[in-house]
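Per-chain numbering from 1; labels A, B, C and D assigned in written order.
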Amino acid sequence: MISVREKVRFVETDLMGVVHHTNYLRWFEMARIEYLRQVGILLNDLMAEDIVLPVTDVECKYRASAKFDDYILIEAELVEVSKVKMVFTHQVFREYDEALLATGRTQNAFTTRQGKIIRLPDKYFEKLYKSCR
Amino acid sequence: MISVREKVRFVETDLMGVVHHTNYLRWFEMARIEYLRQVGILLNDLMAEDIVLPVTDVECKYRASAKFDDYILIEAELVEVSKVKMVFTHQVFREYDEALLATGRTQNAFTTRQGKIIRLPDKYFEKLYKSCR
Amino acid sequence: MISVREKVRFVETDLMGVVHHTNYLRWFEMARIEYLRQVGILLNDLMAEDIVLPVTDVECKYRASAKFDDYILIEAELVEVSKVKMVFTHQVFREYDEALLATGRTQNAFTTRQGKIIRLPDKYFEKLYKSCR
Amino acid sequence: MISVREKVRFVETDLMGVVHHTNYLRWFEMARIEYLRQVGILLNDLMAEDIVLPVTDVECKYRASAKFDDYILIEAELVEVSKVKMVFTHQVFREYDEALLATGRTQNAFTTRQGKIIRLPDKYFEKLYKSCR
């Protein structure tokens, strides 16, 4: 499990005075990318080999609203991985009072840029697999 | 059920060459807002009475990628409504070949701007209820 | 000169209750892309030939705020074009009272995806040149 | 002059493989907000007194493209301030080679949420004025 610390941006808020709900899913993605980096996989390296990671499934439950200027902690944990997909769970906490703001789950497939499904090469799969409880 | 027609914007794409997955949820929201308008409920009127509609739950499954300049059809159907929440299902189609790109489900609560849960006033509830099969 | 009609999206607003100022520049881009289409140039065709159009310069002056649910008209006019750049002026109007909300000017260069400056091929240049008063 | 360090987000890129040009203006805003914080002015405090800061004018020149995963440094410097407006200049650098990516200038007015022009209260004006060379 890894955690990324961010500050809520002004532009992430909307007319209702809180963060727009879709931005939590953008935060999840940032944490996933950081998770991959920490196990030794760079998105740029994958893309250089024509491997992309389209999201095939997302879920998010919202408990409380993040607000402008809040510090937040975004967690990513790999809970399932195979040669054809990976599944993460995510949590977002507000830093100052540790309130849980949102929980989520995302699934990515492995494809070429043209959308052809591929099997993740061993050198990447092994890094993910070892990191997954 | 209502349907909104949009063209995919350049800014909605990302480095992988297709629409970023979070934008589908923004499209769902546009269709929900249009659904409300068609049954006679304007978001601006709700907000003027200090009623906001925070999303409490989203799910989305992605089948195929929307691309820059595609025309898309975004559907919203109200499948459940009570005084404290409403649930929509959504579908996004690519217009030219009617391919189903994504399906989703969203739940909104009714609260004040301060986040206090409220019961939706009858004048609004009745419009929603009547529209819901 | 061409004009594109759009409705302000909820997600385009921010905490201050109006459209975030950067979205006007996204609207300008939508109108530029539509201008190119109307003179017979598709961005997808340019990209298929490894021609991209990085913005090198933008200016925008804001007169009044666009609000959620407003219909807006976004204008693009090509005011200068050469083999190495094109310059557009833009205006955004609110539809219902024709209020001028913003004016702008943007300059794009022509480069490869790798960022190498190129001269726009004649078949494209001529279409642009003819359209420019 | 203050500087904010950020990492380019995946969602900030577009189909052309680099950061969408409008995101630089969002970064400028983040640096302005941080500048205000460092001189002792919180946007949330201003808004609590019904003071908002609409952007009335932006300019940006782009020299080189920020890419996904780059670390960037975003600078904000207050160059002019009065009771009715403030003017900042901005620069964005890529961290690893100190390349200048973009320069800009922004002007904000002081108004109520309803858009009425106001004079910035002394307690805020003095902090800004002292910080301005």
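What we mean here is this: a contact is a pair of C-beta atoms (placed from the backbone, for glycine too) under 8 Å apart; a residue touches a chain by one contact, two chains touch by 3 or more.
All of these numbers come straight from a predicted model, not from anything done at the bench.
**Q** Superposing the C-alpha atoms of subunit C on subunit D takes a rotation of how many degrees, nearest 5?
**A** Angle of the fitting rotation, subunit C to subunit D: 180 degrees.
**Q** Return the distance between the CA-based centres of subunit C and subunit D, expressed in whole Å.
**A** From the centre of subunit C to the centre of subunit D is 23 Å.
**Q** Rounded to the nearest whole Å, what is the centre-to-centre distance of subunit B and subunit D, using the mean of the C-alpha atoms as each centre?
**A** The separation of the two C-alpha centroids amounts to 32 Å.
**Q** Using the average of all C-alpha atoms in each chain as its centre, how far is it in Å between subunit B and subunit C?
**A** 28
**Q** In subunit B, which residues are in touch with two or more of the other chains?
**A** 10-11, 15, 17, 22, 26, 29, 68
**Q** Once you've mapped the touching chain pairs, tell me: line, ring, star, complete or other?
**A** Its topology is that of a complete graph.
**Q** Of all residues in subunit B, which touch subunit C in the complex?
**A** 9-11, 26, 29-30, 33, 42-44, 68-69
**Q** Residue numbers of subunit D touching subunit B in their complex, please.
**A** 10-11, 13-15, 17, 20, 22, 68
**Q** Within the complex, which stretch of subunit C touches subunit D?
**A** It comes out as residues 15-18, 21-23, 25-26, 29, 47, 52-62, 64-65, 113, 115.
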